Amino acid sequence: MRIVEIVVSPIIAFVIGIFLLGLSRKIMARIHWRYGPPITQPVIDIIKLFNQTSMSHGRLFNLGIILSLAGSMVVVLFLPIGKLHPLSGSGGLLVILYLMLFGPLGIALSGGEAANPNTSIGISRTLVLALGYELPLILILLAVMSHYRSISIVEIVRAQQETHWSLLSFPLVVPGIAYLLILPAILGERPFELIKAPQEISSGPMVEYGGKYLALATIQHAFSSFISIALFVNLFLGGSSNPGFFIMKVIVVFVVEVLINAVFPRLRIEQAIRYLWRWPALIAFAGLILVYIFKR
Amino acid sequence: MDRNKLVKWSKEPAKMGHKYSLHAVYFCTGCGIIEVPPSITARWDAERFGVIPVATPRQANLFLITGYVSVKTLKAIIRTYEQMPEPKFTVGFGSCPINGGMYWDSYNTIKHLDKYIPVDGWIAGCMPRPEAIFVAVTHLWTLIDKEMANGYKKYRAKYRYYRANQEKVLGTLEWPPLFSIEGKDEELVKETA
Amino acid sequence: MKNSLKKQLESAFKNTQIHVPENDRLIINVEKDRVISILKFLKEKGYEHLALVSCVDWIEEKEFEVVYILSAYLQNESEYTEREKINIIVKTRIPRDDPRFVTVIPIFQNSEPYEREIHELFGIHFEGHPRQTPLFLERDYKIPPFRKDFDTRQYVKEVFDTIPIIEDRASEK
Amino acid sequence: MSIEILLIVAFGGAFLTYFLGKISHILRDAFAVLLSCALIAFISYFYGKDIERPLYVGFLEMQLLLRLNTLSWFFAITVSTVGTLSIIFSLSYIRQRERTDFYYFMMLLVNASMLGIVLSGDLVSFYIFWEIMSWSAFLLISYNRGPALAAGMKYIIMSVIGSIGILIGILSIYTTCGTIHMTQIAAQLTAASSRYIIFIIITFSVGFGIKSAMVPLHTWLPDAHSQAPSPFSAVLSGILIKMGTYGFLLIMYVIVGMKLFLGLGSGLFSVNYILCFLGAVTAVIPTFIALLQNDAKRLLAWHSIGQIGYIIMGITLGTSLSIAGGIFHLLNHAMFKALLFLTVGAVEYRTGGVRDLNSLGGLIKRMPVTFTAALVGALGIIGVPLTNGFVSKWLIYKSLILEQHPFFAFAAFIGTWGTLLSFYKFLHNMFLGQLPEKYKDVEKAPFSMQFSMIIFSIVIILTGILPGIPLKVINAIQTSFGFGPLHITIWGIISETGTINMVNIFFALIGACVIVWLIFRAGPKATKITQDNNYAAGAAIPKDRYHYTVDFYNPLYRMIAPFLRDFVDEFYMRLAKWIQGLGNGVRRIYTGDVGYYVIYIILFLAVLIFIQMKWSIW
């Protein structure tokens, strides 16, 4: 039975991730008053990219992108999608947090090998932005973990099933809001798109990615956006029992996210850090204090 | 997605992929680049054809050369063209890349661009309107369908002559040849003699 | 005001024709060797902005004419710069067959690219110019292209039209 | 065959190598390597035994004895493995330097003295070996002259102050308990008042704190590590700092005893809470200072301080899980920090002594093995799954969270992200990016260097995937301290509040990598291109100027640099200057001509007479 789950959950994550990408391009087009590409455009892009030849800068260039996609796939195994939580028995929320390192680290290593200053600037911005949003994110996760007194995400979901969503319960609504404030940064979407800014650093770490490398990079982006939102849904919206309902929640959160980032200009890296370390960090810190005070 | 499209997708997905997702290199050569932004934004949405501008030649397969090509820009164009991955299509935008346009007698502009890099499609007009880009894109679709948009194959097959023409105009080139050109070709020897 | 500047210039420099076509322009024709001194003089008077250095090819009189256009940054009320802007145009003639001239970089730092361009397009050699290397043109030309005796159509026929088209070159390999 | 022969072999061997060096270099090198490998074999033979042997009876009518239990065995194995591998590394590193015999003699002496510390059963022999270690380390730090002398001076001053602290502690224990044998002291100390125990702990923790470079006492470490020769700085930050933590373990859980120690103080001001707080500060501030360093070895040195913060947090938290995490992290840090210093040594050896992160680059093309070793070391220190750093950090975090210390856990997490940022800068500036012209023909690291680096990498990955191997020994240590045993299996730890199963993660990752690799190979074959064929907006790649390294995290740097000046170091420097001023003032009294001295005597007598007349004390 677990083998089936192990096979099924990455496929679900892949399909939903690609669907989210297509949906975001369609919604953004409609916001810009234009017709926009068909929903299946990312699939067409990936098919085209896999039929293009590409240039490689060496072994680490290949290994890095493979590692980053593999890492994102493995995180999905640890993340409960509805009932499907194949491997979350062998390591709780801490393992998920650490496995989420693989994505950016893999792309950083392969981008470094590409020997192009655009990639180096892109990667240094990615890591600085990641440090920026990690500060509030860790406070939020600590608040949730110490509130439910457990580091296993399955128990947190089960606890929310019995009582009510933690986003609605008092002490945890504060970290929930903080998480929503930093979600665009985690996804790397418009207000914080300085990682892959096409105009400034010609799409950052992706500068040297040709055919199949770009395909793997887009799939990795699809996985990582699915993971970040699934984490939010599991921790705050009480990820539901059947996967269908869970996927509905993920799509709703993603649409809200797209509506936000379709209308924002791109922040500079200092502004992004100053914003992330001011409001979300304060709210998350207050959340942790509240949880500490209202300890059961 | 009507029935025959599904059939086409199942038969050759690669060709359909290349048709419906043309990523254009955002390379501003001449005055024509003014026509590209309006074709991306709301009034003439290029994204419905799957055409989006990308920052680097590595990610692109459509190369729009917009406006007159000076000798100095030709170097950058050749370098960018050679950095693009293989199934790549070029479209000359405006009359200047075709035959020099109004700079036909200038000492510093390239008259016939297809002597230096292969060009699959031309859009005539001294700065054609954005709709012309979509006409070119649809024409390109039919070319790709009929396997006629094979500029990149020609470039690979006759690279020696392209390289000779480029060196005639630009003198010695700093970057190594993209494909190997050992073995003297008799026709070339006759010419340079 | 202009006549006061005009009188001062006539008093300082003997045989220069000073001529005022409209109210905002003052044209000074001066010999080759007096250019440096007159430019220094004007700079002290507040005309620090060297707007342009350009060149005209008088092919019939077999001469190049080097033109310096100066103007004042500040519209202050000093006796030389009135409310409206004044452009001073200094012209000098150098023989066409031996195009040599002295550089004005010591006076105006920003004349370096202008002189480099004139060197590339007209072939005038400026003494003391740090780097007279090609600036815009990729190819080297026997006759500098901006000269009147450079026949551009002939050049295009020789260079670009002789390059063969790829299609009829070789069989499909 | 017992442990005092082990010590005799170790110290005798050290002296012997010095004289062998006079005869022939190859003989000396071979002997040094053979001796260290013999020591490892010797120690591993003693696994599981609990021996107590007298070392020397007549020393000031006190009986010095040696003792071996699981704790000392664990440390002995780490000391000897890291020592052996760094000696193998220095075979080719030191060859063309001068005074090589002195170098080998000192290296073996340091290793032997550390074995002595670990095996000593009583406080006096512990102190003797401690002094030998400190002084031989001083001689090795100032090995390559120049700025190393100042760094050595700073190190020795602080470690002497530390040794005085330890000496005071030992003397006061001897006067109150009358014995210096550790086991007997624990029995007597239960009767002593808690204020006295706190005094003992303060004196000892000053000594051990300086040696293990906790935050207020850490200032000697960055200079010492960056000036010492690389193989020795691997030993220095790999195991010599761990002697400080061994001392902490000794004091907290062997001499004072677990129940007594955890009971000291109350609530927020209990001793282990304060030490845990110091550990948290040590884990965060130095990691972010390391982010801003431009010299590779200083960056690693600041990280050694940072990781010690994790170990101390683990040890002082006082639950069975955190002790296991602390000691396991101690072993892991010895492994990957020594590996990282060896990689910097290899790069330094090949590029002629260049360590500056702003001028290196692209060395992966010339030194691939060194790069993979540096990558494994960096992944280990960051704590990426499949490396041993991850398991120990997981243990520490879990214990921090479940013990309701969210702010310490927050400090630990931010420390990890600081490590990730600075180690990507370390890898990127040295190995990735454009290869400069002047390093075009750098060859690979010699075999002896690669051998030790490969061994370290294998150990890191192996203990990362099968953490059960070291955890079994650590579990035995823990139960010897009196903590509850953990349910250890070969692939991880089972506990009701969350298990960790490294083998599952390993197979999941390998499976995912294979699937993605197959998808990757499904696409058309990628043509290999050199670093010149790169995107530069159509322009040519300028030679040697197309590599982004100088102040790699500039936006972050501008925001946090003012907070990260090393205030403690500045305070110590001002203190030193003030003392120097005081000394000058006193010196002026002794003017040198006799007249003044006569006046001083008369004045003094006058004062005495005056006091006698006024208060007539006598």
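Things worth noting here:
Which chain is which? They are A, B, C and D, in the order written, and residues in each are numbered from 1.
The definition used in the following text is that a residue touches a chain if its C-beta (ideal position, glycine included) is under 8 Å from a C-beta of that chain, and two chains touch if they have at least 3 such contacts.
Since the model is a prediction, treat every value here as computed from it, not as a measurement.
Chains that touch both chain A and chain D: B.
Each step here moves to a touching chain, and the least such steps from chain A to chain C number 2. The interface holding more C-beta pairs in contact, when A-B is weighed against B-C, is A-B. Centre-to-centre, using mean CA coordinates, chain A is 37 Å away from chain B.
Chain B and chain C have CA centres that are 40 Å apart.
Centre-to-centre spacing of chain B and chain D amounts to 60 Å, using the average Cα coordinate of each chain.
Chain C and chain D, compared by their mean Cα positions, are separated by 70 Å. Among the residues of chain A, those in touch with two or more other chains are 50-55, 202, 207-208, 210-211. Residue positions 56, 58, 75, 83, 86 of chain B are each in touch with at least two other chains. Looking at which chains touch one another, you get A-B, A-D, B-C, B-D.
Residue ranges of chain D in contact with chain B, taken from their complex: 524, 532-533, 535, 537-540. Partner chain D is touched in their complex by these residues of chain B: 27, 56-58, 75-77, 79-80, 83, 86, 174-175. Contact residues on chain C toward chain B in their complex (touch as defined above): 136-139, 141, 145, 150, 152-153, 155-156, 159-161, 163-166, 169-170, 172-173.
On chain A, the positions that touch chain D within their shared complex are 6, 10, 50-58, 60, 62, 65-67, 69-71, 73-74, 77, 87, 89-92, 94-95, 97-99, 101-102, 105, 108-109, 112-118, 120-121, 123-125, 127-128, 130-131, 134-135, 138-139, 142-143, 145-146, 149-152, 202, 207-208, 210-213, 215-216, 269-270, 273-274, 288, 291-292, 295. Put simply, chain D touches chain A in their complex at residues 362, 364-365, 371, 375, 382-385, 390, 394, 397-398, 401-402, 404, 406-407, 409-410, 413-414, 417-418, 420-421, 424-425, 427-428, 431-435, 492, 497-501, 504-505, 508-509, 512-513, 515-517, 519-520, 522-529, 531, 533-537, 546-549, 552-556, 558-559.
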